[in-house]
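Below are two complexes that have subunit A in common, paired first with subunit B and then with subunit C.
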Partner chain A sequence: MTSDVVIVGAGPAGLSAATVIAENDRSVVVIDEQPRPGGQYYRQQSAAVIATHGVHRAEGAALIERARRAGVQFRSGVSVWGVDDDRRTLLVSAADGTSIRRHLAPRIVVATGATERALPFPGWQLPAVTTVGYAQHLCAEGVRVGARVLVAGSGPFLLSVACSLVGVGVDVVAVLEEGTPYRPRAAGWKVAGHPQRLREFAAYRARLAAARVPVRSGRRVVSAEETADGLRVVEGPTVGTGRARQHTVDALNVGFGFRPQIDLLRLLGCGTRIDALSGDEVAVVDVDGATDLDGVWAAGEVTGIAGAPSALAEGLVVGAAVLRSLGAPLPEGLAAARRDVSRARAFASTLGRLYPAPRDLAALAAASLGDDALVCRCESVSAGQVRAAQFGGTDLQAVKAATRAGMGLCQGRECAPAVSALCGSPTAAFTVRPPLRPILLAAVAEHAAQVI
Partner chain B sequence: MSVTADVLVIGAGVLGASTGFELARRGHRVAVVDRGSVSREGSGTTAGNLHVQAVHTRRPGQDVPLDARRFLPLQKAASDLWEAVPDLLGIDIELVRTGGFTVAETAEQLQELKLKGEWEREFGVQTVLMDQDTVHDALPALGPTVLGATWCAEDGYANPLLVTPAYLNAARRSGAQITPHAPVTALSRDHNGWRADAGATQLHVGAVVDTAGPWLADVAALAGVVLAMAPLTIQMHATTRMPPLLRNLVQHIGEGLSIKQVTSGTILIGGGWPSGPIAAGSRTASSMASLMGNIAQAVRILPVLGQMRLLRSWAGPLAATPDEMPVVGAVPGLDDFYLAGGTYAFTFAPLWAQTLADLVEGKQPPVDLSGLGPDRLVIEGGDHGQEH
Partner chain C sequence: MNATVQFRIDGYEVSALEGATLTAALLQSGIRGLRRDPVSNEFRGAFCGMGACFECELVVDGRTVRACLTPVRADMDVRTGATT
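Showing the complex of A and B:
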């Protein structure tokens, strides 16, 4: 497969970049893991679900349609699992790990988005505990994750998901927010400069109030355990002493915001930095989204979590930069997109200051874990085992080697924040190695026979 | 901080850990230091094989074949010592001796198996030569290209991520002091021993043991001896966990290949395929060419692996000498300075630990070391470091 540009990720950033590039008559292929374009935010339901429940976020479907009309070629249901030794050719497989193809493009846009940040508590491995994002996807398909549900964690997304749950008829017993973002304070007034986002936020609060869903700030999940009656969840104060409460629910949906999914950027060899506010590793990019590697751009959440509006605008800015590198004229709307990016980033930064910093949430989760609690679910490694990694010190890779934490199927995607916090090295990341997704050995062997 | 000890062991990989333990249990005051975390570089990335039958002579890309015959008495001695290691360390190091096959795919490789069988008999290593039918009966999962194999019941593996920490813990129990993140930056000789700066610690010791793996030559250089030794990098591959399906180690006589299923259920595929260039203080990148070559070869030998999923690759340094042979012994021209390193260090760990401890004590080592000494690698120096 060849094209002028390959974009990895068909979410808001990738779609937006692809559309502007294709509308200016350059060939662009978009690779995405999901069965249909849209990413997580504009996730497209199957025809059967749409027939019953209607289209979720219709603007996403419209954007995809526009991209198709412009000539964007989508390769959905395929994963980039590696980068060849030229550091440029993407190795792509079907999402089930079979049938490897190579994709060499002179220009790559990495728009791989974000993953949900998971943090451990005793019981987080139970099947009735899911992420808020998972619950949201079920809502979009008209499925209730349970009849009675507790939502907990931190960040504005909790309110959005709680509203979706209410919308499909779930009894949301409470939303627990670890921080205290809803008290008026100086930083909060800056949010007032973003009336549309503020209206969105007010609507969530109003909807939850109408459904009599309490939103309790400064509260967190202490533990969850399975009982004959359902999942018993104990909540308590985030800091200090305070009354504990018990809930018996069908499901507990937990979320701590999102982490940039930068493993492909790291495999390509792009520079990264630690974002001061979040403590997350993000791509180093210039104002056009160019990374420090020639011909590689990054757009959207991989440059720092700022939400879909920012990703859409960044996609356009990066698309324009790619077009310029191809000798095409500047597209319309570029100046507006740049303004949108800086507004959205400013909003994200203000919002970020209202909520606890992710690294503080991870530190609290780590410090609160008893020695018996699981920290790496794939390999069943407890907090006590990580703490007892005698010679490991604060070296995350050494702790991994000593305990197997992070060696399992998810390759540390889930446990990295907690394990790094536990070993006192909160911004450390597990080394990224191929394959980025498990791949069938037969497919590798077959591919090797073709290329070697 | 100032520390006085009998012996300073530089490098807390499997050789430093086992040597530190051996010296400590013989009653010496031992300090083991490492530039970074313990058990990280070669010892944390090795396959963990215990090679008893004669090894293949070339990794992919290797310039000079190693002398497989010269290895055999050393392998035999190390194999005998490994038997006692779990009891000595007192924990389960996932040591299994379920035997191994070394397969051949060509007539020429079958001849090599026969030749190696003669050497094995010479040194008392028990192996069985199997023809095509016999080996396919013994291991039906083998692919059709396998024409024969040798079988050695002594071959096995242990979990390298458990072995080195277990040695260090045992050393500590015997009184050794273990200090990670203490890079040695200066070594000098004085009238009754060596002075060393290791991180924030100044040590005054009677003898120095250099087991710094990839940085063995760098440490020797601090003492004034330049050795011809540069680390290479090699790569490993692991599948997702599988139910038990392969009990034995599978190797290849003509190519770099080792396959085994470890206690976790993961199948490890290696064989010394090269990875990206080494970078000081950071990890080397995996090579996709090696990943594909090694996997393709493994699937050819054991087609059932085709249905497994590759979960991870990793890379680590190999402290190779120009002649591919181990290096062990006293450094000529330096008093009380010993080193061990080079290829197959994991297999040889208990042997080199005894050897180094014997050399420190002025005793006869347990095996003949002729041809293995550091003298063959000395480019320059060999005089004492700066006097204080």
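Showing the complex of A and C:
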């Protein structure tokens, strides 16, 4: 199967790029691992769930509908796990690792978005501990992650999720923010230049205040353990000595912001760089979102975390560049989209300066871990094992080889920030190798038989 | 059309909205532990909820899947506690 363009990722950036390309009469296939288009921000529920609990983010549903009307072909439930040597053929499978296929893509837009940054603490692997993003997905389906919940970590997303939890009737015992972003300071005044975002923030704070949910800054989770009464969580101060508190809750939801999901870009061989503010690896792109590999563009969070408004605008900019490469005229709204991108990026940068730098959060998490605390969830590797494997050096790949940390099913997506911090190389990344997602050997054999 | 469907979790009949996320349906049945870690044998459960961490793997109709990417279907047979 061929099309003019293949887009990987059906979130805001991918949807936006796909729509503008299809509306200008070029063929687009959008591959996405989730069961329905929308990505995480515009995640859509089934018809039965919508009939009972309503539509989650109606503007996302409208954008998906518009894309479909324009002729965008969605391939949902499909994982991209590899790239062939031509760097033009994507190797895909069903999300369960079966049905392996090759997908020739003369032009590729990588819009693979972001994953939540996870940082370990003793007990983070317990089933009652989840990311804040997952807790919010459950709210959108009308399901409570627990009756009593503690929210902790860092970043503005914690407030948004706490409000969603309150909205479905969860008793949120507190929101713990590791930094002190809400104290007046010079950088804070720049937020005043973004009145709409400021109103959003004020609304979150007002809603939490009305629900009597305390937001405590400079506090973090020390540990979590299962007891007969529920999950016992100990919180303490981020720095210095302060009073510890205990909570018994049904669930603990943690989040430390987002990391660009750039594994496919790295597998394609596209250039990346370390973002100065976040310390995260991001795609190197020009003003049109073109990577250094001919015919490959990147849009949205993979170019640096800036949120859905930026991703939507970047999708339009990249869509326009792809159309130009196909000899199509420039679409409407390009100049406005470029302005939206720079405005959203300026806001993200201002906001980023208010919260602790991710590398500092990771360094604190790593330094606080006892030797027996789990770091790599997939391979059950402890902090002590990672420390013992450093042989006086800090080579991340050597530590991976010696301990298996980062070698499991998640390919290091969850433990990378902590393992690299433990190794004293906060910006080092695990090597990326196919398969990016597990595939069944039987499916590989079946595919090989078809090709031969 | 009835939007609620029946399916089985570890042999027990349960019901959920058709197309609901399987992890959400499991949570509503009070089940958080979904797979067993092969090293410690401890239960793990849905963590990221978006297909990245693989902690919610379980067996549906004989095949290992990520529960957070799996919509509920009528008559599906769900088995938790696999060592994956």
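Some observations on this one:
Just so it is clear, the second predicted complex is superposed on the first by the 449 of 452 C-alpha atoms of A that agree within 3 Å, B and C clash if a C-alpha of one lies under 4 Å from a C-alpha of the other, contacts with A are read in each partner's own complex, and residues count from 1 in each chain.
The working rule: a residue touches a chain if its C-beta (ideal position, glycine included) is under 8 Å from a C-beta of that chain, and two chains touch if they have at least 3 such contacts.
Remember, predicted model here, so these are calculated numbers, not experimental data.
In the superposition on chain A, A:55 contacts neither subunit B nor subunit C.
Of the two partner chains, subunit C is the only one that A:377 touches; subunit B does not reach it. Touch criterion met: A:439 reaches subunit B, while subunit C stays clear of it. Using the contact criterion defined above for the overlaid structures, shared-chain residue A:409 touches subunit B and also reaches subunit C. By the touch criterion defined above, A:47 reaches subunit C but does not reach subunit B. Of the two partner chains placed by superposition, only subunit C is touched by A:129; subunit B is not.
Contacts of A:84 after superposition: subunit B is touched, whereas subunit C is not reached. In the superposition on chain A, A:145 contacts subunit C only, with no contact to subunit B. When the shared chain is aligned, no partner comes close enough to touch A:284: not subunit B, not subunit C. On subunit A, the surface touched by subunit B in one complex and the surface touched by subunit C in the other have residues 409, 438 in common. Within the complex formed with subunit A, the residues of subunit B that make contact are 12, 36-40, 44, 161, 165, 168-169, 178, 180-181, 239-240, 264, 283, 285-289, 291-293, 295-296, 298-300, 305-314. Contacts from subunit A toward subunit B in the complex involve residues 82-85, 91, 97, 269, 390-393, 395, 397-398, 401-402, 404, 407, 409, 411, 431, 433-435, 438-442, 444-445, 447-449, 451-452.
Residues 33-35, 40, 45-49, 51-52, 77, 95-96, 98, 115-116, 118, 125-131, 133-135, 137-138, 141, 143, 145, 261, 377-380, 408-410, 413-414, 438 of subunit A are the ones that touch subunit C when the two sit in their complex. By the touch criterion given at the top, residues 3-4, 17-21, 23-24, 27-28, 32-34, 37-40, 42-55, 57, 63-66, 68-71, 84 of subunit C touch subunit A in their complex.
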